[in-house]
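Across the two complexes that follow, subunit A remains constant while its partner is subunit B and subsequently subunit C.
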Partner chain A sequence: MGQLAFGIGLLVAIVVLAITHRLWAPAMGHGGASTWRIAKITVAEARRRRVVQAVVVLVLLILLSMTVFSYLNPREQARMIISGGLSAITVFGILLAIFVAAFLIPQELETRTVYAVLSKPVRRFEFVLGKYLGALIILAAIMTIMTVVLVAVLLVMDHFVPDLTYSTFEPNLANVVFAAVMSYFAVAVLSAYIVLISTVSSTAMTVIASFIIWAIGSLQSQIHDLAAGAETVSTKWFFTMFYWLVPPLENFDFRHEVSNFMQVSYKAGIDAAGVGILYIIVVLLVASVFFNDRQV
Partner chain B sequence: MVSDEIVLQIEGLSKVYRSLFAPAGTKAVDSLTLGVRRGETYSIVGPNGSGKTTTLKIVLGLIFPTSGKVNIFGSDVADLAVRERVGFLPEDAYLYDVFTGEELLDFYAGLFGYSRRRRKELVDELLSLVGMQANRRVPFQECSKGMRQRLALAQALVNDPELLILDEPTSGLDPAGRHQMTELIYELKRRGKTILLCSHFLAEVEEVCDRVGIMYRGRLVAEGTLTELAGDPTEIVITASGMSPEGASRVAAHSAVLGVEGDVVRMGHESSDRLWSVLDAVREAGGRVAEVHRPRPTLQDVFVRAIRQDAPERDAGEEVH
Partner chain C sequence: MTDRRSRNLTLLLALGLLLMTVPMQESIHQLRPHVFDPERKTRRASAINVGPMPAVIAALGGFRTVAADMLWLRVERDWHGGNWWALPSLLDGVTQLDPHFILAWQVYGWHLAYNLHAEAETKVDKRYYLDGGIRALEGAVDANPDNWEMIFELGWTLFDRAHDMHRAAEYFYRADQFPEAKSYTTRLYYRCFERTLDIPRLVEALEYAKNRHTDPYSPDDVQHQVIVSDNYRFWITDNHLEDRDKHREIIARENTARAQRSVDFYLYPDNPYWDVCPHCGLPSPEGSEFCSAYGHPMKPSSGSSRSPGESRPPAEATSI
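For the complex of A and B:
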């Protein structure tokens, strides 16, 4: 609840900052049309470069390779496939997010393709949003393919693995899809942070900072504990600031519950998604303010 | 047809690049003031690092000035509506290289909100204009330098701009490519476009421009039409073959003659009333007169003179062609 209130407060502050920074003024360009065009060309460019396809093929091979190992019992086999599959989706999703999003804006600046775009009636806010939207579409497509393959593997295995009296193969499909969707939210939040960093730094610095944010975001509860147990005010303040600034990535991680056939709280997922969307809006607004002032 | 209406007004523009290591900064543009009239082709010339590209980037709102202001069509450059009426050809044709010419033009036309049908018409028209119809499906990265430059010009024209800003349009092109690009600029000039051209290829500037501004170390050191900048001819040059060495010495001794070098006799323009006397002296020296002409200084001469006046301690002509 506190996190939500903080997010709303921060959102209001950033909206005020954006307005005073003339993020929407002067006059509207071609609004959503420009953003959508930029998103589409970002997706098309990623498809043509074929690097993403190579990574997808690699992940699919990993997912399919899980079917060839035999385990003690069907339930354990399902657990291993779900755990391994979701981990592959999450980790490769995050890695792809870092390598897709980190290059979006710096590459435009380094290759100077941004000149021909920003000399058109395109607001910088639209440009940032278009690039981010493009990254989201790319990552959604990839993670959907990976999830579909994982689901297919589970269905096929469910068909072929004989159940035992004391153990059955449980594909746990609904929860697997839920966990994959939540991984996508984590990727979306992290991508927004990566876009923010990339508006003020080089590609290399963005990649390094993205890994750090991923690591810290995945350990957010530990940071909260550190803040709670801090002995000095300055240390408490430092860890608390860190806690609020880094994205709550671990809130999106349902791999443990799903792979161990535990009760999954969809409400926790919906709450995390809500907070994640707030983080994305705030972070993209800050990114737009930074990029608005950037000399390209 | 050039009118008196100023479509681009730059007033007291300065740009200082500061960094942690140079807090005082480097002045890229220094108190620049100039105006471009509707229908004219205005060229900013200057050696590399003189502030030309920085000026263009400020005009396009890509970077921000330290002081001064830029108005296009009477509006501040930050006004997006201005960009509906401006086209920009960046130096070295920076476009997305995995796409074909028609895909690129469709994308850039889409940024102006044109419908699919209008975009298709535009793509066809522009590819025809720049002579790229046959290569419309060649990926940009596989295009020659000349083809890339023509496609980049086409993307600058997708909105049929009133003001066209061209940054080094012939940079890196071979003579044929340079000729094609110059012809295209001529065609756009004929269509009434106002053109702001930035270049250090003085020959092309001389060919297409109505007015020239010479920039050096961020400042505008000279501005005007070529005739205004070049001034009146200062010499009369007589080319004559067959003069004996002794005869040439006698011609050189003539009071109106400035000097004799081989077959070339130079005399001061102010002594033009004594031209017949000098020609007689040349004939008496055994020379056969092939040509008499009054050379006007080229833009190269004007450029070097302007820069030397501004910074006599440096040889400024080395970075222009």
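For the complex of A and C:
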């Protein structure tokens, strides 16, 4: 079933790309340059926002404050720091994604700077993609800083917490970094959805919708359960369609395995990254269609 | 190409790419069954007999592990504050939020089956807490079937607390199949048959234990071989398999332990160990109507119809 769906999907993609090659092939050269310029401007704008800097400082303080659980045994301390640290990285990464990505396009429309950009030889898809890439760069920088601080905290604690015969600190650093990278993919997928919503609604509505999508995306496995346990065909179809439309955020959530020192499936991570990249492309394509239809 | 056509083709391309995610998503479902296998999650939920709503609420935004950590800090506080009776509900919440938190499961099962069982004053309460502890650990094994420690923990509680040796043996054997299992798991496996005087299975388990943990360069394996050889010599070389006095001694010790634990046999009426001959105090093989040693007729005793004390061994049989 899966292989068949993949084959059909691949065939459709190849056929469509072949039919439309006259549209996209010439734009590959100069389109990349203009997308990159828009991304750089987006990064510069985001750097000026105080909320971004405030969130980074807040997360760093939270990560450092996690060293207070000295009354727990070493293994429990490691668990607390890893689960708390990874959750802080994910949650604040997602909050930043919402507050960065939700403002990207609506603000351009409200301040009318979009007219200046679109009057130049820039396609709307390139504009959407440039804005999205800018958001991804700034989020990558922030999440890298947070991950480095978490790893540093774990290394320092590993040095100072005395091991007991039945309990040792021993943080699984490779898995921690892996979980942080996967959290970044979650943030990237959610950002794409936020950009999609922002092409059709105001800033306030985008922020509210982003929170709802985050919550629904985190219930991915529950929606899968509902689809699997549905008693009627129509309910099964409804939940299955819903399952494929919501952002697959649980795919990227490895915090649970890492903080419980369970074996982590890197293959599942690679698959999740593949699914994430395809979702991002799909969502940005739909976003560009919506933005094209919008009267600007 | 018109705008409308280009729009439709773009949406078709998006659909094609979405279809391409199907096999990868299916692979993720298989690789992470603890997240995506509904049967496994449902089994766990029914095992601890609570609704999934709190877990669903905490799952919004992926806060389950953090919520479990917060509750765990409350467990620590209540534990050190002596508020033992509040712990089961907290631990239930922790394990429901994070079913892979091994330490929380261990503390949950142990607290019910040991601490609260010991603190309870009536037999009914003791049974309630012991059964609760075992149920919690069964839930833990369902949620963590790949964790040997959890399987061992359930085996140990059945062995040491409930004295349900046949079930304990099953779990020790299952735990022992994991490469990381410690050698005491192998030894506890035959100890179960020692205590039930299930001689054929004891011999089989001793042979099995002799062939496990045989690395001459591992101190733990060397120690294991010394202990198993001692036991093997005692039972098989010195031929205590037919030693009735030894059997009586074991039965007496087991009866005393069960009495101390207030684990009366009516809790587990199907345990064949309790089919003890009222004349000589020796156990009968499962299903036999005669005592294995002297052929004394035994009262037909099928678990549920037996009242407490009916087939308890006579006083002289339990004293050494």
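The criterion applied here is as follows: the second predicted complex is superposed on the first by the 268 of 296 C-alpha atoms of A that agree within 3 Å, B and C clash if a C-alpha of one lies under 4 Å from a C-alpha of the other, contacts with A are read in each partner's own complex, and residues count from 1 in each chain.
The definition used in the following text is that contacts are C-beta pairs under 8 Å (C-beta built on N, C-alpha and C of every residue); 3 or more make two chains touch, one makes a residue touch a chain.
Source: prediction; values computed, not measured.
Asker: Who wins on subunit A residues touched, subunit B or subunit C?
Answerer: Touching more of subunit A: C.
Asker: Per the contact definition in the header, classify A:105: touching subunit B only (first), subunit C only (second), both, or neither.
Answerer: neither
Asker: What is the contact status of A:246 with respect to subunit B (first) and subunit C (second): first, second, both, or neither?
Answerer: Touch status of A:246: no partner.
Asker: Who does A:79 touch here: subunit B (first), subunit C (second), both, or neither?
Answerer: Second partner only, subunit C.
Asker: So, A:259: does it touch subunit B (first), subunit C (second), both, or neither?
Answerer: The second partner, subunit C, only.
Asker: Which holds for A:33: it touches subunit B only (first), subunit C only (second), both, or neither?
Answerer: first
Asker: Applying the touch criterion given at the start, work out whether A:49 contacts subunit B, subunit C, both or neither, answering first, second, both or neither.
Answerer: In the superposition, A:49 contacts subunit B only.
Asker: Touching A:41, do we find subunit B (first), subunit C (second), both, or neither?
Answerer: The answer is first: A:41 touches subunit B but not subunit C.
Asker: A:116 in the overlay: touching subunit B, subunit C, both, or neither? Say first, second, both or neither.
Answerer: Only subunit B; A:116 stays clear of subunit C.
Asker: Intersection of subunit A residues contacting subunit B with those contacting subunit C?
Answerer: Correct list for subunit A: 22, 293.
Asker: Under the stated contact criterion, what part of subunit B meets subunit A in this complex?
Answerer: Contacts found on subunit B: 57, 60-64, 76, 78-81, 83-84, 86, 88, 90, 92, 94-99, 103, 107-108, 110-113, 152, 155-156, 159, 165.
Asker: In the complex of these two chains, what residues of subunit A are touching subunit B?
Answerer: Contact set of subunit A toward subunit B: 22, 26-30, 33-34, 37, 41, 44-45, 48-49, 111-113, 115-123, 293, 295-296.
Asker: Considering the complex alone, what residue numbers of subunit C touch subunit A?
Answerer: 1, 3, 6-7, 9-29, 31-32, 35-36, 38, 41-42, 56, 59-66, 69, 72-73, 76, 98, 100-103, 146
Asker: If you look only at subunit A, which of its residues touch subunit C in the complex?
Answerer: Residues 1-3, 5-6, 8-13, 16-17, 19-20, 22-23, 69, 71-72, 75-76, 79-80, 83-84, 87, 90-91, 94, 214-215, 218-219, 221-222, 224-225, 228-229, 244, 248-251, 253, 255-257, 259-260, 262-263, 265, 267-268, 271-272, 274-275, 278-279, 281-282, 285-286, 288-289, 292-293 of subunit A touch subunit C in their complex.
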